Structure formats: structure tokens, C-alpha cells
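Look for chain A in each of the two complexes below; its partner is chain B in the first and chain C in the second.
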Partner chain A sequence: MSEHTEHRLGAADAISEAPPADETSRVERAAAQTDETASWLTRTMNSPGMRNAALVLVLLFICVIGILTTGDLGENLFARKSNILTILRLGATTGVVSIGMTFVIIGGGIDLSVGAIVALASVWATTVATQDYGPAGIVLTAVAVGTAAGVINGVLVAYGRMAPFIATLAMLVSARGLAEEMSGRKTQTVTRQGFNDFFQAEPFGIPALVIMFAVVALIGWLILNRTTFGRRTFAIGGNSEAARLAGINVKRHTLLLYALLGFCCGIAAVMILARTTTGTSTHGLGYELDAIAAVVIGGTILSGGRGTIAGTVIGVLIFAAVNNIFALNNYTTSKQAIAKGLIIVAAVLFQQRINRNSRST
Partner chain B sequence: MSAPLLGMTGIVKAFPGVRALDGVDLDVRTGEVHCLLGQNGAGKSTLIKVLAGAHQPDEGTIEWNGEPVSLTTPIAAMRLGIATIYQELDLVPGLSVAENVWLGHEKATAGWTKRGETRSATRDVLRRLGHGEISPSMEVRHLSAAGQQIVSMARALSHDAQLIVMDEPSAVLAHDEVANLFRVIRELTSQGVAIIYISHRLEEIRQIGDRVTVLKDGRTVATGLPARTTPTREVVTLMTGRTIEHDFPERTDDAASDELLRVENLTLPGVFEDVSFSVRAGEIVGLAGLVGAGRSEILETVYGARRPSHGRVLLDGQPLKPGDVTAAVRRGVGLAPEERKSQALFLDHAVTHNITAASLRRYSRLGWLDRGRELSDAREQVTALDVRPGDPRRPARTLSGGNQQKAVIARWLLKGCRLLLLDEPTRGVDVGARSELYALVRGLADSGVGVLLVSSEVPEVLGLADRVLVVREGRIVHEAPADELTEHDVLDLVMSGASPVSHGSGTSNGDMS
Partner chain C sequence: MSKEEMNPSGFGRRGFLLGAGAVGAGAVLAGCTSNDDKKDAKPAAATNAAAPAAGNEAEGKKFTLGFSAPAADHGWIAAITNNAKDTAGKYKDITFKATEGTNDLNLQISQVETLINDKVGVLVILPHDGKALTAIGRKAMDAGIPVINLDRIFDSPLAYRTHIAGDNYGMGVAAGNYVAKVLKEKGVSGADAKIGEIAGIPSLPLTVDRSKGFADALGASGYKVTNSVPAAFTVESGSTAATQMLQAAPKLNAIWNHDDDQGVGVLAAIKQANRSEFFMVGGAGSRDAMDLIKADNSVLKATVTYSPSMASSAIKLARLLANGHGMGDLVEKDVPKIIILSSATITKDNVDSYLDTGFKS
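So, the complex of A and B:
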């Protein structure tokens, strides 16, 4: 029986002798070869900066199409300042959700319930009782409801060990159901003029909603790239087992990621209230798809561990611009949906190509 | 003599960081059991994958019945008649035996499966293997490991395989099941099927093998040796070579240092039982034993990655919270796990981020990361440990195994850990880099860090550790200073539990510390 491990015997009784030089250099040679084989294109396209630059080109291309299809240069419907601001204002709400979604997806999760959470928060914040507390009451309620829903998602995923897809699917149906229940399926109007005045203001000619999106994106970028929270998010999405064994509290962090996204949904609910002056259970329909699509187009990979905020912002803008161009040209929303689907497919195929090239080296 | 069934010459396969195969020659005759031997990392798995069509060789030729062929896909290999049975059986647990056997080439007309024919064909194949008692309609998950192996072989036969590659088939089997496996193999070879048999157990190779090929560092060092008569010593010498002796660093006397870790009656039911031992500051304690004896699990339980049912772990006399990795890390415990890539590294992230992953708190002010200091500290570690290539901004994926291991150790050095748990620290590490790692670990111990080392390579444990605990079937069966043990002592203990004559009670349980 002792022969079982006998092959390990040899090294000990062997004569002491330095390993031949070519043993160590073997590895280095192989490493050097790898460098040469990686093509220039692959390496440059693989850096997040360049990938985002490529996305900007796509966005510019879409803008050119917008300009060409909407009248003369003198009075172009697309290029007008008011239209650009409309694009930004419409993109801002899903944009804020997409920023939060970027965190969750980089952290290796997914959240399907964002649209429903936005609806629930908008309804809860516009009940008569809430509005009694004034504009601040509306804002705080929306944000608190969004965050609470996110915490529930996070607890189910992190501590209940549910698949994110299932946990947030359950949240999707029940949050929207609760929103319908609370509102009696009626549209609730924002009666507090102070709220509307504040969020519909346009300091320096820029709509408040656009400023909010910009601020959320900037803070999101800082958190993701400059804080321990962001670094841990990448670590957990990149290899959750390694993160756990490095002493990172993966469960708590996962909970915080969903809470952060819930918080973003609360802000988005405030923004939608400001834009429409109403709270209803039908707000935020399809937000989950818009947000996930924007994140994926922006180069964040669904399996987690890699992604950028800038990419997500550009992804949001691409979607908003396409929507706008279709509206200006009087195409139906059905045609818009088809175009969006094609954009998603093209973006993902393109990214897979880049990823495959970088892996094969 | 006619051409062999399979002839491989000069096969080369390189991956980023390592040349896994560097000139492999192998020829296999019809109806023989050809054994493939080599240490971990010698290139056996890569060679199997080349044969299975999963990897394309960079150089070299493969001939099948004398004709040059290229195995571009797994399907191409299968069509040719080469079937591979992997160590982790690749069956679909929820499908029936018959469905698994014919998976991918179902007996069907226009997409409609012919259930009756499938069943009877499966029964035929199983009978050919001498296992007519396995029901084709049984779900595979209800079968034992041995039964599943038979199904894998039945699948190979369903492809009319003329060559079956078996990767450590006995590793998943109990002792009496191995005899049955051999019976099946003899059955197959008598029908003209050739077998490439990979095993670490020389005893088995003597029983079942016809010829032996030995791989070392990706090269064939001997081929066509008679399996039954080649002396063990010769085989072992070929496998280890006389060139890979390591210079183990000098031990330093630290008998006076304080006890750092104390493990008391630690029990994880079914894995290990009543384990007690201690590690002093500056001491390297080695856990020797077979794979599956519970060594890694002991390490993981000390680290808090598993929760014990009984017993406790004390660091500096203070108990560690069971099952809480974060608490252990905060107290200064670090683990370099066995599966480096899946358990320790963020392969796509920069080496810097890998090194600082456990110390982020240090670079944060109110959560804000001081990235400049982070990078310069990581760079310092990279230089100190001589990680190559030396640019810490490269992704960890581009490093060789030894350098990846250094990065993992750097993580804990940076953290300032006081107890380092090393699980198979040199697995997948190039021969040349091993001595560097040994020196590094000894240097750490000299600086006062306690080290608990698990390794399957007995010479490594004996050469590196100060004190050795021999683990067998979840129990510590012996404890002794490393320089009082020989490899034979350890192997005897590991295999049989018998204590060496020169020492007292072999079952003493840590009371020597």
C-alpha cells in the first residue's frame, strides 16, 4: 500500500543540485510570448477608456442620424437646445436607476424589481398623508421606500441565499401589487407646489433632473473607483469566494449593493414625480430592461467583476437619443422597441468579441 | 510490426506563463493498458485534453493507426474512437443511464428518440462491461461513483471507442470497487480496446498495466517501460528527476517563542475529529497526510471558512469566533488556499488590487481610497517578493503559478498577518520558483509569523516544517519534530496509522506541544 505515495519519495533522496537555469526562464519566455501575440487592437480595445471612446463614437453616429433625419441644419428638430435637454431629461430617470444597477451587476447580481420599486415609491410619496409633511416628506418617503425595498432584496439574496433573479422577480410583482393596492389604481397628483417648483427649476437653463442625474453619476463614479466600497464591489463580482477568503464580508456588502440600488430607485421616483406631477402604480414600467440594457451596452459584463459608470451613462444616452429620434420621425413605439433590441444584440456581440480576443492571448 | 494505434510525437502546448507540454512522445498499442505517470503539474491533464480534442497542440504530430490526424474538436476525437473518462465524471445527474450513454448521439429518427432501441443498446453495452444489473432507465444521480464510472465507460463504448483514456479512475472508488474496475478493464482490453491509465498508485499500475510512460515537466522522460518489472526506484527517479531537489532553507531555533495558535478538540463531523495542536510564533508546522484526510478542512476551519461542531481555536489565548473569516483576518490570520485561482485571486484585476484586497481599510479614510499609497505599497511587496513581471498594474491572470502564489502571500504580508495558513503552496508552481517560495516562507517564520502548512508532498513538509503533524482519516495520529521523521515513517503513518518504532505512542494527540 505504501507505494500509493511513493512517487513523492524521490525528491528527498535526490542529490542536492540547483535547478537548471532553463527551468526558471521557461516561464518567463512563455510570458514574453504572450505579450507579442496580443494584438494592438485587442489591447487598446480592452482598456475601459478605449471601449468607452468607441461607445461615444456610436453615440455620435446616432446623433448624426438624428440630425440628418429631422430637417434642415438651420431649424433642425434634433439639434435644438430644447430637444437635447428633452433627451437628457427623459434619460435622467432611467439613468439614475442604471447607475445603481451598474453596482449590482458589477457585484455579480441583477435586479428586476427596479421599475416596480419606482412605482411603489412614487405612490407612497404621493398619498395624502405623506404630502401633509410637505415637499421634504415626499422626497424622504420616496427615498426611504426605495431603500427599504432594496434592503429586502438584499436580505433575500445575501442572507436568504436566493438567486437574485428570483428574489427580485418576487419583489417586482409584489411591489407593483402593493403600489396598486395603495393607490387603488388611481393616479395621485402632487399637490405640493413647492415640490414641483423645486424640481422643475432650470438653474442656468439646465433642468434640475439632468443635474440630479449628473450628480448621481459623478458620485457613483467616485464610489466605484475611489472608495473601498467600490473596490470590494469589483472583488465580490470578480470572485466572491476569493473575496470571502480575503476577509471581505460578502453578505453584508451584497445587501448594501441592493440597498444602494433601492436608494437610486427612490431618487428616480422623486424625478418621475417631478416630471409628471403624479404618482401611479404604472410608473417605471420596463425600467428594469432599460437599465440592464444600458448597463450592458456600457460594457459591464453580466457575470460581474468588470464595468464602468461612464459606459453606463453613455448607454443611457444612446437609448434616450434613439427614443427621441424615433419620436421626432413619428415612428411608433413598436419600431423603437425593435431598434432597441437590435442595439442590445449588436453591443453584446461586439463586447463578446473583444472579451474573447483578450482571453485567448 | 504494424503501426501503433496511437502515436504522438513532439507534442508542445504552451499557455500564458507556462509551457505545459514541451515535447511529449507517446505510443499506444491495440489492446494494451498504457500507464501514464508523472507528478502534479507534469502535464498529464494537458496531454489528456489534447487527446480529447479540447486543446490544440502548438507543435507535434498525432498518428492514428499510422495516419496523421488532427483532433480539432472533442467530437473529432470521439469520431476517431478516442474516449476520455475524466476524474470528475461528466454525466448529467438528472438523466437516465441510457440517456447519458447516448447523449449527443441519440438513437433517433427525425429528432424522435427511439426509446426501446436505446434501452436495449444500453443494456448490451452494460453487459459487455459485465454490469448487466444496472438498469438503463435508472437516473444516474442514484448510482454510486463506481456505477457512474461504468456509465461513463458505457458511453465510451457506445462511440465504438478503440482507445479509452482514464484519468485517475480509482481515485473516486473504494478498495473493493477497484478490483471490479480492473475486471472491466481486462474485459475491454481482451476485446481489443486500448486504455491509457493514469494513476498515482504504483501498486495499481503493477496490477493492471502493460507499459508505462513517464512525464516530467511537460516532457516524456521514459516510454514503453514494462509496467510489472520496472523497479519502483527507477520509476520514482524518472518522475522526480534528480534535478528538482530543492534547497530547503535552514531551520532556526525558536523553541522559546510564545504559543500563537492553539486548537482544542476541533471536530467537524465526518471530516475530522478531536484535533488539537498548537503553533508557536516563528514556527512552521506541517500537516502531512493523504488528499481527503481532512488536512485542508482543518486549515479552513481554523480560518473560519468552516464552522466546527466542537472545539475551539485560540489565537494568543483568545478564542476566535467560529465560522467568521472576517474576524480571523482582523485578528491577523491569513490563508493561501489550495485552489489559488478560484479561491484567492481576482484574475482579471490588477496585481495591486489582489495584493491589497485584505488591507483596504488601511488605505481608506472615510471609505475613500488612497490609491497612490496603495500602488506604492503593492509595488514594494512585488519588489520584496520578486514577483515577475514586476508591474503591479498587470492583471493577475498574466502571472505564472509561482508568481500568483507570491501575490497571494504578499496580500497577507501587507496585511501584517501573524498566522499564515498555507494549503498546497507549491501546487502548479514551476520547479524553479519553489525554492524561492520556501525561502520566503522560512523568512516569514524568522520574522515571527507562525505558519501552518498543508502539503501532499512529503519531502516538502519534512524539508520546510519545524514540526510535523501526521493526519490520517481526520485524526492526528503522530506528531514529531521534522528532523526526527523520515519519509518512510510519514508514509507508513499516512497509509497504516502505525507509529514508527523509534518514537513513542503514535496516537498522541497534540500533547507534545
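So, the complex of A and C:
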């Protein structure tokens, strides 16, 4: 039921932007067909569950490649517990950012400033003055700085009516600048051993960072799928005007989405502090692209209104696994970059195909 | 959208309270930005104190020294800029005129143009890209201003009076020789030795030179690099690259890490992986690395220098040029055309004599 509502919203959105006439009729026909004659098969294929199942297949395929290219089964480099945990640990930091990014993109926005916010939060949390307050001071500062930067993004987008692309681009530049200014472009070491001990711990053999990622993903899933907040996010992303007419405070909700992403960046900053034991203005370089790519691969649509947390998690894992396989095989980063680009293109084409099939058959 | 614009209640009382709360939080956080570390002794300047006034050190002709370098977004470049400033400050006959560091080629070109128009006495230029700034170096020389080309070399010898630079190939050779020597002492044969390399940005010529020097020196002793991963001179990239490499190589005998700035992340990753069966050699010569070598309680046993002290020497060369002096102990009446620094290998045995050249990353 909710799936159908989303389609209608999407179609209405398309019409309001006055597409060519033939396009309008095609969309209307397609919308009508999904309502009346969609077969069981296409409906299933178009459900988030099936799309994620396809993604899982892709991930499994990548894992098989990983196993085949890294030695005999007995001493396989890829399929070792420590390597799997390494993949998860390296994916965890961008993973947390990607969960927040999923919300913003489903809500019809985009945030280019996530990497810069992570850098700023990591620097602010490791100044000598902050570290005087101990491990709790470090964590609270990182999260507060991240959230505050997210709130500024949200205010600019929602109340300042700036295009998200521009507002967050400005934040990207200025947050990293502020981080450089604050740190004097030096690397700041975490001197509180308690902080390192806590976040580098491995309860039950699982690194704390992986547990943090899992918890953030689970809470994100609950918020998106089991709360009014989540449903409103879909509604706004599908058609913000319709959502406003339906009585949703679109501006406030948009602000909250960016604040939520800022909060996630704060957590990611804590994680990167734990991983590198330092805060610097060069942390988080390229996170915006990694996060957006993971979200898009995960089936979330850039124009908003549709997406899943599970898809994003799989998207993150696909990237982390590919990076790992290339490193295990001693390949260069240039080849990695090419592979990443191809994976993005393949994933998006694949999803478009599924969507088109479901509308026209 | 237009209806939203007419909505006057966008930023009501609650919005105001929220805003006030945010400002309050900001004020509290601002207290955390202080970075004055009272406990930390001020690092020694990277230059030897000017010798008692005699010979070349005696106060000479007053002149203006123009200085231009890339943005200090990396500990090494920051040290270059600081060393230049500090050394110039020691001489009463130098009026130091530095431009704001930039990675924008056009901006650096126009900055140097301004210095030429101001008719400075001597120019010291560390170009962001030697090829791109060749023309402007030539222009300065044609205008009768001697140019000291720091580190990244111009395309044409006509564009500089003197070139002073580090030796990237030699740095790799120094690292390779040290690794080979220690492995021989330990009785590890060339066939058994597992040698890892964590390189810098792979597309830069300096990275290619360093890797080649390393491979050549190892090859001369019958060893070869078995695992190589690139990083990007940042702490985070160092941590990620090292984590991946430790998975790819379950056992290692030695690692050369090209850059001490990224080395902070490399060491954090090694510690978290609980690995210590190998020894590590650093690169560049940061103060942190030297302190670790001196303490002798980590895998880091040596570092090969690419010292930013060359900026201090460049300022001294500028003085010699302005006064028409030659270099102290040499017979020639003029400053040489090219000076390539030798890459020193710093170990526990000689670290004390290098501590004052270590830069803060």
C-alpha cells in the first residue's frame, strides 16, 4: 500500500515539473498500470526486499572473487576472520555517515560537507582544552560539533532556502578551513588512553567500531521504518509540496534530517579518532563521495522519496570488500578507482532496469 | 514553493529558543578550541642559531626577500614555511615578504608576479608545480631578481639562480640500504624476506622516485618488495593502507613507510592489529618519529630524512646571493647552481644530533 502511495507521489512530482507531453502520458500510463495490472512477479521484483536481495547477490559475487584471487582455501587471505573484521572495521566509519546520508537523500536533499564535518569534529574534540575534560569530553564535543554543523546546514537549506548542493558545498569549504585554522594544520594526538582503550576494545572478538556501526544501522532502520519521523521523510522526499499540504512541517523536518546526518558525522569522528588516535584537518577526505555512492548503490534514489537502510549497509560493504580485495592482491589505487566507478554505473543501470520493467510490463 | 515563502511563521518562538540554545552550546564549545599546550616544551627551531657575527654571518646589505610556497596543508610544508620565516627573522638585513601559501597555480603565479613588481631583492620559490611556474621564475630572472628554487624543480635552468632540494631517489636508497643491512644481520635471506612498502600519492613523481630508489637498493642486496600499498600523506590514509597491508601479509620482516605524517596512522594501525614481528623505517624525519626512535619501544626503528631544514638553508643562500658572497668553506666565489641534500638515516644511535631538525607533523 505504502509502495503505491510512493509511486503516485513520484508521478505527481514529475508532472509538476512539466516534462514533455509524451513523457507525461507515459508516466501516467505506467502509474495506472502499476495500480491495476502489475503482476505478482514485478511487484515482488520492485519491492525493497527483492532489490536488496539482488544487492546481496552482488556482494556474494564480489566475495567469491575475493576468495578465488587470494590463495588456497586452507590459508585464504580473504576468508579469514581477521580479514572479515578488517573489512567491517574499515567500512564502519563511512558506514555511519552513509546511514545519516540515506535519511537526507530520501528526504530529497544531499550533503557534500560530511567529510569536512568529520574533520572539524575530530580536530575540535582533540584540542588540548577539550581533552582536559577526559574521554567523555572528547565524545561529547565531537558529537556536539557534528550536530551543530548539521543544524547550520539544515537552517541554510530549510529556512534560508538555499539549494542543498550549494549550502553544503559552502560548509565543506569552511568547515575544513576552520579545522585547519584550529589545529594549525598539525596532527593532534589523543592523549587520553581511556578513550583509546574503550573504542579500540574488542568485546566478544568484535571490534567496538563494528558494533557502533551495527547499532547506528539498527537504530536508523527503526527510525526510518517504524516511526512517524521515517514516514514523513519518505513523504517529503517524494513530494514536498504534497507533504506540506498534508500538514507536515517540511522546513523543520528538513532541518532535523541535516542535524541527524551531522550527528552521525560526529559519531564517525569519534570512530576515526579511535582508529588513528589522532584528530587532523585531513580526516574524512572524500567521505561525501563514498557515502553518496554507497547510498545510491543501495537503491536509494537521488531525487528522494525511496530508499532503504539495508541497501545502504550492503552498499558500504560492497565498497569495503572491493577495496580489501584490491589491497590483498597488491593492485594500485588507480585500478580501485576505475572499479568503483564501474560498480556505481552498473548498480544504477541495474536498478533503473528493474524499475522500468516493473512499470512497463 | 511560492506558498512556503509566504509563510511568516517559519522562524517562530520555538525557532528562536532553538537558536538561542545552539548559540549557547556554541559558546560552551568555543571554550574547547584552545590549543595552547603549556606542558609541551616549545620545539627547537630547525636552524642552528646564527653564529657570532663574523664572515658571511656579519650584517650585510639590507634587502627584501620574497617567499612563496604552497598551502601548509601538510606538516612538512608547514615546517618549510615556518623555517623560512624563523631563519629570516634572525637576520636584521632581511626584510621578509611572504605570500599566503596556496595550492592554486594561477594564484601562486600572480603572487610571484606581485613580488617581482615590488622589486624584491631575492626570490625563494617552492612551486606547487615546478613545470607550471617555470615561466614566472624565468620572468624574475630576466628582471634581474635571483631566484632560489626550493625543492620542486623548474623545467628550465634559466628560471633559477640556485636550486636546493631533497633527494627522493636517495631517500629510497637510504631506506633500502638500512632495511637490507638489518635483515642481513638478522640472517633473513632474500628468498624468505617479506618486505612491505607504504608509499605516498602514487601519481607524484617524488613517490615514483622514492619507490625506485628503495627497490634498487634492496635489489643490490638480493631483496625485493613483496607488498606495496599507496597512501595519500594523510593520517587516515596511512591507517587504512597499513590495515589492508597487514591483512595481505600475515607475516612481514620489514616495512618502509614513505612519510612520517601518514606514519602516525600507520603506527596506530599496526598497534591495533597487535603486530610486532617486523621493524619499520619512516620517511621525512618528523619530531614524533624521532621521539619514537629514541624511545625504542615501537616497531619504528629508523627514519630517512627529507628535511624541511632546506628552507632555512634557502634563506641563507638568498643572503649570500644578495651580498655577493660564496659558500663558506668552498673555494668558489659564488653560490653553486644546484644543491641536493643527502638523505640521512636516523636511528637510535644518532637521533640526538637530529632532534632539532625534526618537524612537528
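Criterion: the second predicted complex is superposed on the first by the 317 of 361 C-alpha atoms of A that agree within 3 Å, B and C clash if a C-alpha of one lies under 4 Å from a C-alpha of the other, contacts with A are read in each partner's own complex, and residues count from 1 in each chain.
By our rule, a contact is a pair of C-beta atoms (placed from the backbone, for glycine too) under 8 Å apart; a residue touches a chain by one contact, two chains touch by 3 or more.
These figures come from a predicted structure and were not determined experimentally.
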{"item": "Partner chain in contact with A:T187 - chain B first, chain C second, else both or neither", "value": "second"}
{"item": "Touching partner for A:G305 - first (chain B), second (chain C), both, neither", "value": "first"}
{"item": "Which superposed partner A:T228 touches (first chain B, second chain C, both, neither)", "value": "first"}
{"item": "Partner chain(s) touched by A:R275 [first = chain B, second = chain C, both, neither]", "value": "second"}
{"item": "Partner chain(s) touched by A:R353 [first = chain B, second = chain C, both, neither]", "value": "neither"}
{"item": "Which of chain B and chain C A:T127 touches, first, second, both or neither", "value": "second"}
{"item": "Touched partner set for A:R244, first chain B, second chain C, both or neither", "value": "both"}
{"item": "Those residues of chain A which chain B touches in one complex and chain C touches in the other", "value": "241, 244"}
{"item": "Complex contacts: residues of chain A adjacent to chain C", "value": "77, 80, 82-83, 86, 89-90, 124, 127-130, 133, 137, 141, 144-145, 148, 151, 159, 161, 180, 182-189, 200, 241, 244, 250-251, 272, 275-278, 280-285, 323-324, 327-330, 332-334"}
{"item": "Interface residues, chain A side, partner chain B - complex", "value": "1-12, 14-20, 23-24, 26-31, 33-34, 226-232, 234-235, 238-239, 241-249, 305-306, 361"}
{"item": "Chain A partner contacts - residues on chain C that touch it in the complex", "value": "1, 3-5, 10-11, 15, 22, 25-26, 29, 31-37, 72-75, 78, 202-203, 227-230, 232, 234-241, 243-245, 247-248, 250, 261, 264-265, 268-269, 272, 288, 360-361"}
{"item": "Chain B residues within the chain A interface of the complex", "value": "14-19, 22, 37, 39, 200-203, 206, 217, 232, 235-237, 239-247, 290, 303, 305, 325-326, 328-330, 335, 337, 342-349, 353, 357-358, 360-361, 363-364, 367-369, 371, 388-389, 398-400, 402, 411, 430-433, 435, 456-459, 462-463, 487-488, 491-492, 494-496"}
